[in-house]
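In what comes next, subunit A is part of two complexes: it sits with subunit B in the first one and with subunit C in the second one.
Moving on, here comes the complex of A and B:
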């Protein structure tokens, strides 16, 4: 019996060995391009991170398989470069820059990915993209909005979304327009922001834009993300009582901030949010009526369907990955754009050579039906010069277009409706 | 001046919640010398129980704290029976590391089952209600939760100090062998103490969704602050944990308002270091 078992084990081991070797040969012959995704899949921004990941998966689904129903580049064919399929390798940076750097190194060195798409948090995108640059590999950034990211002069870094600099200027434009057209007499600003690279940079840009537009910043309120409460933060704002608040609070902190303002029974006249929890449709849904009348720059919302008709078909695929009631949002859609643009550039360059793909990315203006402007074009540093967003206000739980006036569908509800009158 | 009173009250209300979370931790340490690293995750579990009862069955946190408390009481008992009891026979660090593993497991189960979504209970009985005295605003969800927390801490303290059960717990904490010679079933006391630890944090978790969002990471900082309360108050001392929690709530609020919000935890941990330097065993340590 023991002899039989030994013999059986030997035969089994031989089979496993042969099978493993053969499958290795088959895999090696497969035409595959590995792309890494690096998002916060745990931690306070995990909700947004999981949607960004699903958006990249959606883009890859469209690129790898024929999807004639989608009116986006590469949808009609299967794969790129004559049959290469993209395979994703996912990684989680937990919202921590040190982990982002380590995971970027792991993706490049161990997983041997061709490029990385990420990282949502600007603080994480910064070190992770340096890893890519050092290795001469491409880093596609969808929605990290810190303007500093594209001011580093990197050669292999490309960002799709508008920056917090653009948003800050847009916020001041809205205030000026309100003062001119509606006679609102807005003058003072409070800025509340998480104490990270993203938040600090957004606040700096906010202060700069406010100074240039002649507004006065009277409350500067940084906070530690992931706190148990935001009482001191809101009390500080309440004590200064600015006309307008610029907010840079991501994920759960945005929820906590809004709920704390309700508890403290205080609201500014107008509240303008950078690319943060405001743009997250799930958070908006969870906040219900409490989330209404806040405003922010928005790159996409289902209410923009008439402006971006190509999104609907792609969004249907996205919903199969994330949930039937979750549409694209401003952030996740940019990650899909980043993936599409990378695939288009590889296809156009006709090679996987990093320098040639990078040069191709810079040299062309790309069709991007998932972007608000419909085009993507990069300027030195990697910023998408065609990036656009428009100002929305949550009214009845929906993102209504309120600025610029030529694209607006609704009036701005001003001032924000007090908590006790909702 | 009214802002000073407002911030002070905010701090005290926050401190009362910290006290309830910390009292369970203090109790477990005091009796068993075991630091429960999964304490913050117990809070998260309690919050989820309350949230789902509210979301699916429309049960208000004012009632569902009973279910959260009971659930975490059982979770505490199971933790002891299935994990801690076996670890106590091993090196001292094994129980601590086991609870660390448990915290990771609970957090990841929550992530897997409930996703990282932030879940908010809206339309609760206390939602949006507040008491306004002059310029001072007292939000009812926080006020009721905090007062409730204080009452539970006092009840636990009363049980420990004034009942036969409490005396048995104290005897077990002082000298396990001597307590056994006196006929106290120390094993049952350990089970009960772990259950009571879970009960305290479960009640806090049951009430918090009336104003806080629930998500898998919510227990992390609460757990850390509970550790600081226990260490600052003196390991094993419930009055110490209460005083430390109120102090932490106060310095967090006042430091956050008068220095800068971003420094509020710097002030908290700075105070902790100062107290530990002056009294290494904590305020009420012995």
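Moving on, here comes the complex of A and C:
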């Protein structure tokens, strides 16, 4: 036992040394506002997380330095509050809610960040934003789309993107419009979704919107995210054969779902996607012709250049951070918006006081050239009431604007072209 | 002589407990909530792995199904708070009892299988429970249970701005579970467990009812794992099936124990002391780079340790001190010669 005590003391001493060294690291900075980013930088959503991180870096680059070529707020000046520069502290939540909570606590308590921007996955945004709320600190959410996040009545939580609820209503609007104008006789819906907080919420909102619009949901198909095989899910859809499918499949799951439908030689007449793999330009590129004729709500795509002319200059900076061939997408651009809006609010409030910045965020309508519609305004709960998306359809590998009709540049190709005729 | 050794061992155990009680008073720890978080996880993971060690280490039945019992414990506490608006305590007790019952029910047929087949069966059980909880509306399915903002304190076992009470909560759990295993180790039941592990047929020939021994070990292991699950949910204030009932969580039970040294009292603690800081600090230092550097390094170090010494850290430590002891003996013998 004396041997054990010796061994144990040795190990304990090593650890005390490591703890002391690591906890003693202090970053001495002046005139700096630290902002934390919290995204999935590893795991199945790592690609999307990396793009979100690069978008925040882009916004900070524009805020910290004079960028006269960018027609966005704060681009002409250097820093905010009379010369304060924003410094980012990045963290990876790996798509796990418990790690998201831990990292949010670490960012606030150890890194002393002023606010956090994140988290992409709704399931991670939920606990991380609770940490901010309990500490009375601000959490800026770009693209997490679960409607429940802004129904919690939090005071310091702000979300930029439209929710699953608004997207579901928009999906039903498109179906109604198609029935009225094109006489398509769409009636039945199938919903395929990943069995997570995001997917389940999306599906629930989809069912509610469908019931209110008088459509019938005949297939409810959940699947485990990161699936390696979706044959049974697609088989269920094929057997029920709904007119329209609402999809909530993120990243690689979206690719697998589309390819499995091709393998089984089945397509619905129309396929509408929540903010998922559909909006990912890299996935669209990988799918090539197979990705065509799918539709979804889109907050930004390079094809929207004429509607959002200010994006191009900022996007050039973004491309230097993520790669020359990767443009902004619907999700990443919302994270840049979140960063810009926070900086504008701090500048306008003239202080870093959390309550004053929070009140300022609520009290004003913000110019946001990177948002569709160009404005951001928050309602109680923190939802951006001006959040908009547009329905697009992938045609020839490009996101074409197809709805609402007044902003559409192309007709919806209906029904989807069968696999063997492409 | 034996009595003297026992007294000495007791003394070391109590010194360890006193040291653990005093750790939060170290200024660096008191001022750093992340260090506190790492310490809490070390105690929690050591306790979880010790619970697994009863059946996996001492009894030699490698179970990959412990996340089920851990999850049932977590859901017990979570349901009490979220669904019924109660303090977590009745849910914790009920969850632990339910986990024990489930363990007995699923283990009885599984114990008819041996070795790899038993391990594979426990894999399947995790998947079954994961899917079940994913679609079970009453426990909120895939959405999981998010804790509401409630009054902080011991009644609700919940704190928002400090981690120190969680540390002491984890320490109590650690003392109870390690205390039980310490007691078993020296008890007749402990010898039965090791006898079954070494050779089930021989153990039965000596009159040990191996099925009853394995079932009792599994029941106790599941009961204790459920308490750890309840602590986990109270600490994270959220539970969903992926967080608690997955193969990944099951692997944590096995990995920590095997890394530290299965079938030894302090193996789980040593495993957690290596694995948790490694996992947490590599993420802090390199996680933000977004290249998975932390995970690559983490995996590499585990491989390195396991290749060097399959008996885990305890094996490495023993090897080192045995070597030193041998050197001493050799040098003493040399002195006699000259």
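One rule holds in what follows: the second predicted complex is superposed on the first by the 393 of 422 C-alpha atoms of A that agree within 3 Å, B and C clash if a C-alpha of one lies under 4 Å from a C-alpha of the other, contacts with A are read in each partner's own complex, and residues count from 1 in each chain.
Note that in this section contacts are C-beta pairs under 8 Å (C-beta built on N, C-alpha and C of every residue); 3 or more make two chains touch, one makes a residue touch a chain.
None of these values were measured; they are calculated from a predicted model.
Of the two partner chains placed by superposition, A:409 touches none, neither subunit B nor subunit C.
Of the two partner chains, neither subunit B nor subunit C is touched by A:241.
Once the two complexes are overlaid on the shared chain, A:201 sits against subunit C while remaining clear of subunit B.
Looking at the shared chain after the overlay, A:106 reaches subunit C, while subunit B stays out of its contact range.
Look at A:224: by the touch rule set out above, it reaches both subunit B and subunit C.
Residue contacts after overlaying the shared chain place A:65 against neither subunit B nor subunit C. Of the two partner chains, both subunit B and subunit C are touched by A:42. Counting residues of subunit A touched by each partner, subunit B versus subunit C, the larger count belongs to C. Contact with both subunit B and subunit C is seen for A:50 once the two complexes are overlaid on the shared chain.
Comparing the two complexes, residues 41-42, 46, 49-50, 195, 222, 224 of subunit A contact subunit B in one case and subunit C in the other. Here subunit A touches subunit C in the complex through residues 1-8, 11-12, 15-16, 18-20, 22-24, 37, 41-42, 46, 49-50, 53, 89-92, 94, 96-99, 101-103, 105-106, 109-110, 123, 126-127, 130, 134-135, 195-197, 199-201, 222, 224, going by the rule given at the top.
Within the complex, the subunit A residues that touch subunit B are 41-44, 46-47, 49-50, 195, 221-224, 226-233, 235-236, 239, 251-252, 255-256, 259, 262-265, 282-283, 286-290, 419-420. Those residues of subunit C whose C-beta lies close enough to touch subunit A in the complex are 5, 8-9, 12, 16, 19, 26, 28-29, 31-35, 37-38, 131, 134-135, 141-144, 146, 149, 160-161, 232, 236-238, 240, 242-243, 266, 270, 273, 277, 280-281, 283-284, 287-292, 294-295, 317, 320-321, 325.
Residues 3, 6-7, 10-11, 14, 111, 115-120, 122-123, 128, 130, 132, 137, 139, 141-142, 211-213, 215-217, 220-222, 225, 252-253, 255-257, 260-262, 264-265 of subunit B touch subunit A in their complex.
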